[in-house]
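Two complexes come next, and they have one chain in common, chain A, joined by chain B in the first and chain C in the second.
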Partner chain A sequence: MTEKITHSICVGGPIAIHTEDGVIRRIRPIVFDDNDPKGWVIKARGKEYTPFRKASPAFIAMTEKNRAYSYDRIRYPMIREDFVETPDGMDRKTENRGKSGYRRASWDEALGLVAREIERIQGTYGKESVTAITSSHHSWGLLGYKLSAFARFFRMLGYTQILDNPDSWEGFHWGAPHTYGYYWRLGGPEGFDLLEDALQNVETMVMWSHDPDTTRGGYAGNESTMWRHWLDDMGVQFIYIDPFNNFSAVKQADKWFGPRPGTETALCEGIAYVWLSEGLYDKEYIAKHAHRFDEWENYILGRGVDQTPKTPAWCESETGIPAADIKALARRWATTKTMGGSGLRGGFGGVARTANGTEFSRVMVQLFAMQGMGKPGQNMWVGTTGAPIDYNFWFGGYSDPLSQIANQPIADVTAVNSVTQKLYRPNLPDAILNGHYEWYGEGFCGGGLDLQFTRHIYPEPGCNPVHMFWRYGGTFMGTMLDTNKWVRMYRSPELQFVVNQDIHFHGEARFADVVLPACTNLERYDIGEFCNSGNSGYQSHSQTGCSWQVVVFQDKAIEPLWESRSDFWIFAQVAERLGWGDKFTENRDELGWCKRFWEKSDLCEKISWEDFTKKGYYVAGVPEERERHYGFRWFAEEYPCDTPNHKHFQEEGKLGTFTGKFEFVSESLLYYAPHDEARTPIATYKHSWEGHHSIKADKYPFHLISPHPRFDYHTQHNSSTPWLWEIPENRKYINGNPYLIARIHPEKAEAKGIKEGDLVRLFNERGSVLCVARVTYRCEKNTIHAYGSSGIYNPVKPGDTSMDIGGCVNILTPGRLIGSMVPGMAPNSTLIDIEKYEGEIPEGQMFEHKLDAVAKSADPEAETCMDIISGHGFESIQAKARELYLNKQKEATK
Partner chain B sequence: MCNIENENDYSPAVMNWLDAFPGDLTCALQIWYEGLGGMGTPSPAEIAAIEEALAKADGWEPAGDVRYEKMGIQKSIKRTTPKTIDNNGHIMVQHMFKLGSLLKAPDGKVYKVMLSEVYNLRCFEVKDNNLVGGMIKIDPTSDFAKSLVEV
Partner chain C sequence: MRLGIAIDSRTCMACYCCLTACKDEHCGFDSALTKKQPMMGQQWIDIREWERSDSSRLVKVASVPTPCSHCEDPACMKAAKDGAVYKRPDGIVIIDPEKSKGQKAIVDACPINAVYWNEELEIPQKCTMCAELLDDPDYLSYLGDSKVKVPRCVEACPNGALVFGDLDDPDSDISKIIAANRETQLEPLAGQKTNVVHLNVPTVYLAGTVYYPKSMEEVCIGAKVKATCEDGTVCEMETNYFGDWIFEDLPKKKNFTVEITMDGYKPVKYEAFTDSDHYVDMTYLEEA
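== the complex of A and B ==
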């Protein structure tokens, strides 16, 4: 038995992988050795704080072995069994997508078909008739992740780009920049060095719509968990505000507030009322740094157009939180040094994904401004970012243009898309089904406030609609809204040809004509840094959510399983068949590309390529005499901005708003969108278009909230890792099917005749989903809580818009955007009803049986997933390890 | 709004703001909001009055239509000699080394600024319009940095 240890990173963090005889045996965190640098030290309140000497990935990272050997791996290229390659793209039985079976194909056949279809469709309708999109997450690594190999291929090909929406933090992206700028951080605050600030100064933490142990700072695993324990231990009070008493709150909250979903902005206004009427805010700061504050003050105090004072009593009537509690919250916040914010990095959260998300985000910023944002202990910071960092070490993240193989300097030649036509992800089905769609904005508008207001028309004048769709990684059935419209889109003959390239046979892959099996990043080479999503793009320097800065050589632990191949290989093969393979690869193999990231960054100065690839990772130390650049301090104390990723006007002492100040009346909205009904110049609480004031609430009285999942990462892990289904808070098996847990308040459950563990049907006019009831006081009374982004989509009638038993609650969420000029999604503005399910229990739909059946019918000699694992001795290895362990225990107890 | 004695003559207020402005590029709309305390969208007459004042500003020249990330495309003016330190003597790294700009060294090599932040200036050499070689770190306060000329 020869053991090999390699390293990799996934969305849950960095891991070490032990393989024996070509089989992954176990996954563990990376433990640093004596040659790795010392950890940083923060001195605060008479103590010294330093992190553990290991990386702390999330538990989902520990499931990577299961994910690689998963029952639902796509093993071979497959072609839909009733697909006919008609010469004109017609009569392809597209109505059968989602229910037809597949036949096994050779790589040559599948790739040849894909290349021919690209040539036919682009030759007939123009370059723009092909479109493609990645999921939000696939497999970590600068070569294989979403903005690199994929972007290089499609830009070289020429295609209609589908703009991504900021689906995790819509309100902050579309709202907050109109109050404090930071559009280049996509609406999120800057958290630099605020861990030290908090440890030294903070007294109260307001964790709004925030479950840090679940969302883990994005990609930071459990790195920041200990920081929050430190704060807890020193007596900092934690206040959690969330309709669901979430998993972080139950262990940490000194006080939990559960507002009725969609009323959070009203709660903000109630807090502001207390501050204004009791003089509990930083008047000097506001006088200096705020614009048109008095007009907003008038609105809050009832002297505005609506003549309604936003008193705690008024606030109670909307939110359900007692007026006395609202006053106490407001006074505590104002009279102690308070940090906080919303969601995983302070500018996220399920509340930002509501119809009122932009207004909540703007008022949230305004509240922190009123308390002197940027002063020591007063900031937007939620305990998940802002660790000390060596500001002079540069290694790119996936959104950095400098770190993508589509661009120089990583590539010799930058790939440029020749097509200007665009589509917009949340409304892709509408565009395909209706043949016409219009929207505002560039999706991620990090390039400017003005880019939120560009107007797009599909098809672009002079362009043709798209007829080919290439989906890459993950499934939108669980992450985009109103799932059934995606089903209808796939069945449309407008899409003459659909390719799906994925690792697992997710719900969406089942709608493709050709399925291309990609391998996991444990089966290929790549390179990447822990939690680095980019130093100039996205919400930059997210790696400060980690205690350690770790760059990993993602070595190949095993060869690609079955006939799966790396994403890079797949794109290179299609490019080869299209006649530009050499241009795509620039004659580099995957290892050659990885080396480019090393040599075009600071990494090459710190460690040789040989040592790096041998050791498998590099830890960038933080100098003992480190630089400190506290987030937002420059603005509060009026010196030129010294934080990274800043703008030139910050050096002039200004924010990224029109006036350079906190705008309580937004001049940018008055300028660009004075009649925008969702984002009014003064941010105000507005009744949701799908909320408890809607007529619809008579029929569907419950709010469904579907936050980011605790037992998954979007759709990556849950579908592929059955042992996660054994966690009672996640799923429950009934008749062989792992039903998702839906939580309901005991009073409401009783009224509905629902008991713990009952099968329940969640439904509205968009569809229905079967779940298992968990009856708990942790839910606000009017709320049903079920985690979103289900990796499993299992309609009872495949290919139809029928009831789902996989837990894909996005079947119920509205496809409607936040506003006509605010192209954000609002899954947490969903009304539903719930009933005990007493119908026939659907047959269990375990993918492995279906997949094995497909494989067996194509090739009777084909091995099943378990055959392959057993065939490599995996089970006997486990048994031997267990025996050794038990013997040791016996010895120890003698 | 600031006090404007003659409501049709914005020149004194505009000149005062330009004198204090640490940047190199501006437009009438920016001055409306930042310099004149304007609220709401200015009328065409108000913009024209500011532009008339800007046309007379010493040390500034027309820069044509320039896109601002905040306000979109605006008719602009720029300083004839760029400022690199603010009025308190603080170095302004991004004003000296604009992101994406090309800088020429005394030896004739041309560099493209790829990162300009917190005294952390990073470039790549440009040859035949291509970025070549490794990432180059430059200390913005060094003699070498001072010798670089924007192309």
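== the complex of A and C ==
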């Protein structure tokens, strides 16, 4: 028996992979050995704190074996069975996309078709007529990741780029920079070294719209959960504010407040009212650092345009939280050393994804400013960032231009896109269906405040619309808004040709004309650092969300399964057929590219390539006499800014706003967008365009909130890992279908005749989704909670906008953006109704059987879904792989 | 030597790392001691949870990861024929996959439902405490450190909520953790000695919030709250900065009298029964 151990990273964190005879036996966390450096030590309140000597991935990381041998892997290149390669791109039965089956094709046939179509379409309509997009984080690694191999290929080809929207933290991106700058951090605060600060100083944590055990610092696995336990143990008070008493709160909260969804900004204003009327804020700090504070103060106290004082009683009428509690909250916050913020890393959270998201984010920053933000124990920090780090060790992260194979210095020649036309992701279907779309902003506007106000029109003057769409990795059925809009887009003949390149046969892959099977991270080479999103990119140093800084050689554990291939290989093959294969690869193989990242980073000074690839990972130790650069302390204590990735004006004590101060009346908004209805110069609570004040609420009285999922990562695990269906808080398996859990308050459930475990239909004018009811006091009374990013999309009638039984609640969310000038999405401003489902349980539409049909049409010997779920297929897939491996070994030794 | 796992419900956050690691190890693979676990249907470490609440004013969730308890005197062993269940010298209880064939009584005998029936193989199956890995001299030897040889669930736990070690050694981590925490045996195993030791499983709370008269819109900080149990024991506290009071880990199924007093206001009295967790009331004081 040949046994080996290799390493990799996935979105859940780093893993050790045991393989035996060419098949994966087990997936474990990486446990450090005696040769790895010591962990950091933080001394605080008479104790010493140091992390466990292992990396702590999330549970989803331990399912990587399943994801590799999953029944829903795309095994062979496939072509839609009724697709005809008409010479003019017409009459291609596009209305059957999502409905039709597939036939198996050879790589040669599939790649040839793709290359011919690119040449035909670009030759007929120009380079801009091809468009392509990745989803966020369907895999990990600097070579295979979206900003690397994908970007290199399409920039060299020339294509209409689809701008990403900052879909996890919209309000902070489009709002907060107008209050405190940090556009280069995309609106998020600095967390540097604040773990130590918190352990030493903090007394109260305000965890607003924040479920850290669920969102896990982005991709930091469970690295920070111990930190919060330490804080809890020393008596720090945790106050959670969220319409859903979330999974961290039920474990840790000393107090939970569940405001009515969409009224969070009102709660902020109520808190400010208490502080202003009782003098409970840092007047000296505000006098020095705030701009036009008095005008905002007038507004809060009822002397502004609306003449409405934001009293606790007013606040109670909006939020449903008793006025007395609001006063107590405000006083606790003001009279103790308080840290907090919203969501994931402090500038995120479900509230940022509401119609009032920009205003909430701005007022949140204003509240922390009022309490002397940056002073010890007083900061925007939510317990998920700011571990000690060796600031002098540099290894790139994915958003870092220096760490992408599209660019120098990793590549010899930087790939540049020759097309200027753009599209915008949330509105891609509108642009395709209407042939026209216009919007403001560059999607991610890290380069400056002005970038939020650039003007775009599609098609760009002089450009043709797009006719070919190449979708790479993951599925937007589940993550993007108003899912049925995407279905309609795919059926449009405007899209003459659709390619989908993915690992699993997810919801969106089923709408393609050609499906290209990519392999998982475990079947190819790559290199990457745990949770590093880019040291000089956006939101720099996110790896401080981990206790350990770990760079991993993502070794190939097994050969690609079936006929799947690495993404790099696929792009290189198409490039080859288009005549620029050598330019794309620069004659490097995948291992050769991995080595470039070692060579061009500090890693090459720490460990040889041979030792690194043999050991499989490198832990960057933190020196005992480490540097400290406390986030925002430079501002509060007025010394030249010393935090990493700062701007020159910070050294003069200025923020990135027009005035360099906290702008309580935003000068940048007055300059760029004085008439913006969603972002007024003074950030104010505004009734949601889809909220309880809307007329629509008469018909659809419940707020649907669909936060980032606890039992998945985006859409990648639920469909491929049936184990997760047995988690009672996640799904319930009825009649061959894993239904998503939707939560409802007991009082409302009773009024609706809904009992625990009932099938319920969530619906509005956009569609309907069948879920299973969980009746719980954890929900605010008017709220239905069901996790977003459903890994499963399963309409009763495939290819149609029919009822979904996969739990894809984004079918219900509005496609409308936050404001006419704020191109952020707002899925948490959704009104729905709910009813007990008494119709027939959709049979014959069972999830498994549908996938079986696909597997069978591509491979007559394919295991059926049911077999794999009940245990046999998984093993037989492994047995076949083992046999193949052993035969190869035998031949090699002959 | 008596190998065991201490499981702390206070630090467990139900992250499901233990369950996925367990399934990763046992699903679809035979081992030296047991047959493969089916892909679906069995949870050798089952995360049992219940919501502790009768009001949206206060909700807590109890999480109790529950593997086989590896009892000192296992009921399943008594129910088994032909020595199909045996106890190893290190205390780990193992079901012999050959001898146990057809013996459903082994499943039924377990007081905590931690033994599962494999329909296909017709055998009872359960947690082995990863004894097959602990026994294997090659497993993890590449790390050159046998200290890390622990059951998969323990290795995967990010919070140290699961601690593995020798219960007979008073200096082991597990013995120290148990000594420093509240031992809470699972109810069906009350009075029995087990190698899996549950810590800090909550019982029942009584809680509430005290306010000044409604028109004042103020929480009442520092009100005295006294809970008297029918057995005469008394607990007391003052309301905190939110006017909240809570008595945790009360004995179950007892009658309590809760008295709230504040100078200048009429005292308030409640009767409560600890059948389950109760948020007693939002108490609005009246002037005396």
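One rule holds for everything that comes next: the second predicted complex is superposed on the first by the 843 of 894 C-alpha atoms of A that agree within 3 Å, B and C clash if a C-alpha of one lies under 4 Å from a C-alpha of the other, contacts with A are read in each partner's own complex, and residues count from 1 in each chain.
Here is the rule we use: a residue touches a chain if its C-beta (ideal position, glycine included) is under 8 Å from a C-beta of that chain, and two chains touch if they have at least 3 such contacts.
Predicted model only: the values in this text are computed from it and were never measured.
Novice: Regarding the shared-chain residue A:Asp611, is it in contact with chain B (first), chain C (second), both, or neither?
Specialist: A:Asp611: touches no partner chain.
Novice: Go through the superposed model and pick first if A:Glu652 touches only chain B, second if only chain C, both, or neither.
Specialist: So A:Glu652 only meets chain B here.
Novice: In the overlaid three-chain picture, which partner chain does A:Lys327 touch, first (chain B) or second (chain C), both, or neither?
Specialist: A:Lys327: touches chain C, not chain B.
Novice: Does chain A have more residues touched by chain B or by chain C?
Specialist: C
Novice: Identify the partner contact of A:Asp582: answer first if only chain B is touched, second if only chain C is, both if each is, neither if none is.
Specialist: It touches nothing on chain B or chain C.
Novice: Should A:Glu883 be classified as contacting the first partner (chain B), the second (chain C), both, or neither?
Specialist: neither
Novice: Looking at the overlay, what does A:Trp256 touch: chain B (first), chain C (second), both, or neither?
Specialist: The answer is second: A:Trp256 touches chain C but not chain B.
Novice: Which stretch or stretches of chain C touch chain A in the complex?
Specialist: 11, 13-17, 19-21, 23-25, 27-29, 36, 38-41, 43, 49, 51, 53-56, 58-61, 63, 120, 138, 142-145, 148, 152, 155-156, 158-160, 211-212, 216-219, 241-244, 282
Novice: Quick one: which bits of chain A touch chain C in the complex? Just the residue numbers, please.
Specialist: Against chain C, chain A makes touches at 3, 5, 25-29, 31, 33-34, 52, 54, 56-60, 62-63, 65, 213, 221-223, 225-226, 229, 245, 247-248, 250-251, 255-256, 258, 312-313, 322-325, 327-329, 331-332, 711, 722-723, 725-729, 745, 776-781, 868-871, 874-875, 878.
Novice: Can you name the residues of chain B that touch chain A in the complex?
Specialist: 21-23, 29, 33-34, 39-41, 67-72, 86, 90, 92-95, 98, 114-115, 117-118, 120, 122, 124, 130-135, 137
Novice: Where on chain A does chain B make contact in their complex?
Specialist: 181, 183-184, 292, 391-392, 394, 402, 408-409, 412-413, 447-450, 535-536, 599-602, 604, 627, 629, 639-640, 642-649, 651-654, 656-660, 665, 667-668, 670-671, 674
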